[in-house]
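Take a look at the structures below.
Across the two complexes that follow, chain A remains constant while its partner is chain B and subsequently chain C.
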Partner chain A sequence: MTNHDIELMAHLMRRAGFGATRDEIERYAAQGYDATVDMLMDTSQSDGIQIDLIRRYHPDHSGGLGMAGFGAFWLHRMINSQTPLVEKVALFWHGVFATGYAKLAQGKVLMDQIQMFRDHGFGDLRTLLVELSRDPSMIIWLDNNDNHNGAINENYGRELLELFSMGVGNYTEDDVKEASRAFTGWTVGNTEYMKLKADNDSLWPYGRLNLHFEFRDYDHDQGEITFLGHTGTFNGEDIVDIICDQQATARFIARHMYSFFVADEPPVPSWPYTPPRDAEALDIMSEAYFNGGCTIKPMLDTMFRSDFFKSESVWYEKVKSPAELVAGVLRLTGEHRSYSPAIQEDANAMGLMGQTLVNPPSVEGWHWGDEWIDTGNLVERINFASEHFSKDFTAGIADTVDADITARGGSVQPHELVDTCLDHMGAIRITETSRKSLIEHVARDGDVKLNGGGSGRSRIAEMVQLIGATPEFQKG
Partner chain B sequence: MTTATDNNKLVVVQLSGGNDYLNTIVPYGDGLYYDFRGAIHIKPEDVLHIDDRTGFRPGMEAIKRLWDEGKVAIIHGIGYPNPNRSHFRSMDIWHTALPEDIGHEGWLGRTTEELDPDGENVLTAVNFGRGLPRALGKRGVPVASVGNLETYGLFTDVGDEGRRKTVLDTFAKMYGTANGGDAVMEFLGQTGTDALKGADILRTAVDKYHSNVEYASNAIGQSMRDAAQVMFADLGTRIYYTQQGSYDTHAGELATHYQLWSELSAAIGDFMDDMDEHNAGDDTTLLLFSEFGRRIKDNGSGTDHGSGGVAFLIGNNVKGGIYSSYPSLKERDHLEGDLHFNNDFRITYTSILEDWLGLDAVPIVNGTFEKFDFFRNGNGTNGNGAH
Partner chain C sequence: MTTATKTTSLEYIKTIGITNNGDNGRGFANPYSIAVSKDGRIYVISRCDPARATAIRVGVQDIDENFLFEFSEGYGSGPGQFVLPVAMAFDSQERLFITDEFNHRVVVYSSEGKFLDQWGEHGSKPGELNGPAGIAIDSNDNVYIADQHSHAISKFTADGRFLLRFGREEDSTPEHNLCQPWGLCTDADDNVLVADWRHNAVKRFSPDGKHLQTLGGLSDTLFNRPSGVALDSEGFVYVTDWGNERLQVFTPSGAHYATERGRATLSKWAEDFFKSNPDEVEVRKISNLTPELPPHLADDPYQVSAQTEPYFWGPVAVTVDDHDRVYVVESNRHRFQIYKRP
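Let's look at the complex of A and B:
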């Protein structure tokens, strides 16, 4: 097993998951790259999350009663899931089909939407988009419940084309109106009852009942619709069928996927004007999409096994989202392995960094890449990592670094401490200039000697803390 | 008449989501308004009268008071050619002042650079809220972005002051040398360096602040209070930015729009009182804008994306009055079902940049535009009032 194998595995786990500890990386590297991709892609495995216990003892989080609690519950799954790619894919679709609590004020439907991404996020795009169009939170978020026969509300029709499938420039304003007509009558069924219920059950001991989808035949436009050159008496499913067959759709989804898993692309509004970083990669992924019958899983599979993904030129070419940063740090420190309400505070930290789960700023989702970074957000990110890497002396990385140094006789030179910490934090690679600054930092106090805890131990902790504060740690 | 001084400050409030112009400055004297807005309208008796044709929506009482004091400029029909009805694109256009091309530099990023060409003060521009709006973005131009003023700072968990200083030294070294030949690393390095410089200074603002004004605990109230705290700490901040929303009222507009404006109007009233209490009122101008207005015809419970909007300029040195005119509601004057814009937003930007901040506006707004005569003269005496 070469160092390159280890670093490549660390790269895969950062992208297809939320990072991994040194032990996990070694284990996966030993079983081989392809076998690890197989493992990650196997969505039939249990994620190992004890949902029954969490539901029983923490209904405030698992019941989806509110946005904050659900964010905490999802963070717990990101940290602990044994199928991290499932959570990553759910997060991917959440960014593309961004739906926000702010307008819904009903957490349960959003929780169900995220579960729908877990269930259908690897499957065929047609099912995913039809499920999305029937999703009560989406219907309310983009006002399709106000989209009536003879009085269209084009909010959903427009975003379905602009942001969810094809991207601007690939359809006309008429297509937007016609698509909207096809989705008339797609609405939410039991709103009156829900409202009554919400007025009465102040504590929601069993969670709120759910909104559900309803198709109202009498409110559906039965007229002839012309959409992207096809004419017929279309319903929403027919629109989705036409969308899924478009080259533009394959490329739009591929570009999103490339940007999320491989290397940051500019935000969506620039796409019509800025060529993709790697057009060939998008060709390969589009081809996998069509060869697989307009399905997502083959795109992911092809991507993770491709040279363009494995290439060192894309390592660290992404700025970590707050979810990736927070979940990544907590996976390393070993915190929150069992469920405790204290996880709420860490979920809230994501919000301070600019990403409150299930509450994106708009239907466009969060802008990514270096737009995650401004002075305010960077301060939050650094302080979060610093606090978590320093507070837990008895577990997590400090422990394994300690054991490693002890095995080498209990004393190391400054550069050895830096390198050992980098290695144990997940085979992290940093620039030579940053490494030099860190070595100088340690050298101020000389070699590191472990003498049964004491100052040696706190110097390890401080180094881990500083590595968490490097500019490189912001990327993944 | 110009009043530009080195001490003048601009406070920008972005109304995110597309504020409904027709239900903000209500044309209650025009029967067409009630024809098009069968469901989503403000009743004539509820309007806060400006004149016998228009008035502020309920909830804007504080702004109405400032209007009565002659401190509010209403810019009717503001927009740009070939309006775009995508939130993101339209907001980008307002942020970059580039309607035809995709720009990456914000107009206030450029403004900040002009105000402080050598980047000596990392607090020349401060954003209050999470995430930096593109308006303030320009590579190499430091802009502080503050979620919560009270807890702002780096490595605040390191209790030992000596250790913290050492850690901060190493941090400064790493971010000061970060480039690795790649733009993102360079950007990270710059941002980290700026954050470090700004953080410790900003935290002092909270302690220095005393005021008799009590802001509401809602988000916009807190943001305006944070802005006031930074302003009174005399840190050399000239550009203040915050946002409120969402004004994307496709549904349930009447209740949502009322609440948003009630909170915003009250926050602005409090902010102006705070300015006056601290003798800062004459140096401060507020700009309120949104990315677009909304469709003339309602959709039954709300309104869809439109074009042609309204903006406001507020301040002791603003000549209160009506600028430009209310676009016609007659069907033949509509622009694809929307109000037809009649003045380019870059006219307003140009006027602010040249007459309030004393800068050459052309390179910032990407062109030469006329100006509105918004500001009183340097002595604060009355100008010629309404246009």
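Let's look at the complex of A and C:
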């Protein structure tokens, strides 16, 4: 296999997963690119996550009293899942259908929503949007519990069109109102008590009570509705059907997908005024959507196999989100392969970098791209990578670099140390300027010798730390 | 597997508890075990989780729901401290032994909450501890520990001298070995009952480790990850069937006697909470706390318990006191329910 094969596979694993070690990349490259895409897309495989063990050891992952435990639980899955694309797709939809703890005051109902993304995130968009509309956390988050026959609350109907499916400019204000009418009566059981508990952040007397969807026929508007040119006595499912058939929906989802998996796009509010980076790519993905019966999986499959995804022009054109960065670092260091209370601290680090899972800043979600690396966040990101790469792990990245150099006689020149570390950290390609700076840094202390004392090992750790701070590592 | 005879209901007595995610006071934060002293004081350990680690402690109350006192040396690995405490048991001297599956040790407190001792070395060799979970102390003050990651039961003297280990795959037949055991208790003959968690079974062993009896197993559906086991004075067996979110009861011969899903009512502490939060009282009155759930939730006991307040949710341990009162500890509901055989 060529070096390009290795680098392309590394690119795929950064985007369709949370990165991979050199050994993993070689293994995947050996089986071939298309076979690896097949493997990643195979959602029938077990993710290998032992839920019973997690629930036994981490009571808050079981009870979902707050959101902190859930963040740690999801991080554990990102690090250890044998189906990383499933976690990546769940993270993708979490960004699109951003739902926040701040208004729900309950972790478990959000855990359930993320599980729904795992279950339906690859399937037909209709099912996904209907499940989203029935999702108890979404109902509370966007006030559909206050959307009544004769007294509509437009919040969910509006965001369904504006942020979740079609985008501004593709519907009218009347469409928002009519869609909202169709979702009247879609609420949660014990609405008043559940809403009050959420408002009061009440965990008394016996913890949180989970929420479930309830359709109240008596509160549903049975009148005639006109939506996007269609007229009938519509329920929410009918509205979703109409939405899924729209060209605007296909392109909106495609642009989200491109921005998450291929290259950063500007935040959603600017999309009506800013052309997409690659309109042709959106055309290709939209076609896959319709050819697949309005289904997500063909879009993903087409995207990962496309020239626009494989092109070197989009490599390192995405700033890793905090979740991607933290999970990626921990996969490389080999930490948290089994349960450990310490994972909570690493999950909390995502929050310090600006992304507390299941608690986005608003329904718009996080603004991805360069906004992840403002001055404060960048320091947190570099410190996190540096701290974890500096540890002397038994199964981590420093160990594999050490083994590689030892196999070559235990002594390497500065440029060999730099290249070996870049290779083992996931076949990272950095600019020649950056590489030259790293080599010069190593050269100050001469060749690296592993068999002459303890300094060689620490120089590996130092180099791994420095690479963790490069723009290429912070991107993906 | 035994044949069911007749199913009987237990008598529900009361519920004690309330969520407490603060650092002190009555209530619990993910309680994991109960031990009852000879004078009837009820000791409950709040395991907490890393996000609320400062709340880790043992709370002591009585059957009338009077909060008495609490103790702990705090969260950590220092003397007497806990990270992931699992189970508790009193010895004949009323010393309270507490396992910690993270610190791989047993910590001993007096019944008044004074830290006395700790022992245990981390490892997988005989005499070492590798994730100690359940604990039981027999009539001679021998201490049995479910050494979960070694998939075995280890027997020690009260001061931590190693005596025996059994249940490991290489030591016993496939039907008799253990996989990540959790709860333990001893019977009147000092035999040891084990909640064989990953084997979905409860097994009884003689004091020298010979297998005597099995309830359940991977080949049937009697249990799903049983967490705790206890016996009453007549030898009836109580099992917290954790994965099924229920309590199961068996006769001394192993016949099924009763299944209990949970019937929690408001504790006195809960009633006190509602006295000062009347707004929540009003909406509770119009709520159904045993709701009919959509099909995708109704078939999953975990999901049903998550939104059915009276049901057990996270039943991690069961204890029987000298009056044959049965205490079921619910980690996710921060309380325990008390029952009795009629």
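In this section, the second predicted complex is superposed on the first by the 451 of 476 C-alpha atoms of A that agree within 3 Å, B and C clash if a C-alpha of one lies under 4 Å from a C-alpha of the other, contacts with A are read in each partner's own complex, and residues count from 1 in each chain.
Please note the rule applied: a contact is a pair of C-beta atoms (placed from the backbone, for glycine too) under 8 Å apart; a residue touches a chain by one contact, two chains touch by 3 or more.
Predicted model only: the values in this text are computed from it and were never measured.
Of the two partner chains, neither chain B nor chain C is touched by A:130. In the superposed model, A:108 makes contact with chain C only, not with chain B. In the superposition on chain A, A:79 makes contact with neither chain B nor chain C.
When the two complexes are overlaid on their common chain A, residue A:155 makes contact with chain B while staying clear of chain C. By the document's definition of touching, neither partner reaches A:405: not chain B, not chain C. When chain B and chain C are set side by side, the one touching more residues of chain A is B. Once the two complexes are overlaid on the shared chain, A:376 sits against chain B while remaining clear of chain C. In the superposed model, A:285 makes contact with neither chain B nor chain C. Chain contact summary for the complex, chain A toward chain C: residues 52, 55-66, 68-69, 72, 108, 189-190, 192-193, 196-197, 200, 202-207, 209-213, 341-342, 344-345. The touching residues of chain A, counted against chain B in their complex, run 102-103, 142-143, 145-146, 148, 151, 153-155, 162, 168, 264, 268-270, 273-274, 319, 351-354, 361-364, 367, 369-371, 373-380, 382-383, 386-387, 390-391, 431, 433-434, 437-438, 440-441, 444, 462, 465-466, 469-472, 474-475. The touching residues of chain C, when paired with chain A in their complex, are 17-19, 21, 30, 32, 47-53, 83-84, 101-102, 182, 197-198, 225, 227, 242-243, 264, 266-267, 269-270, 273-274, 277, 279-280, 283-284, 286-289, 291, 293-294, 297, 303, 306-307, 309, 313-314, 331-335.
Listed in rising order, the residues of chain B touching chain A in the complex are 16-17, 86-89, 92, 101-102, 122, 127, 130-132, 142-148, 152-158, 163, 166-167, 170-171, 173-175, 177-180, 184-185, 187-189, 191-192, 194-195, 198-199, 246, 248, 250-251, 299-302, 304.
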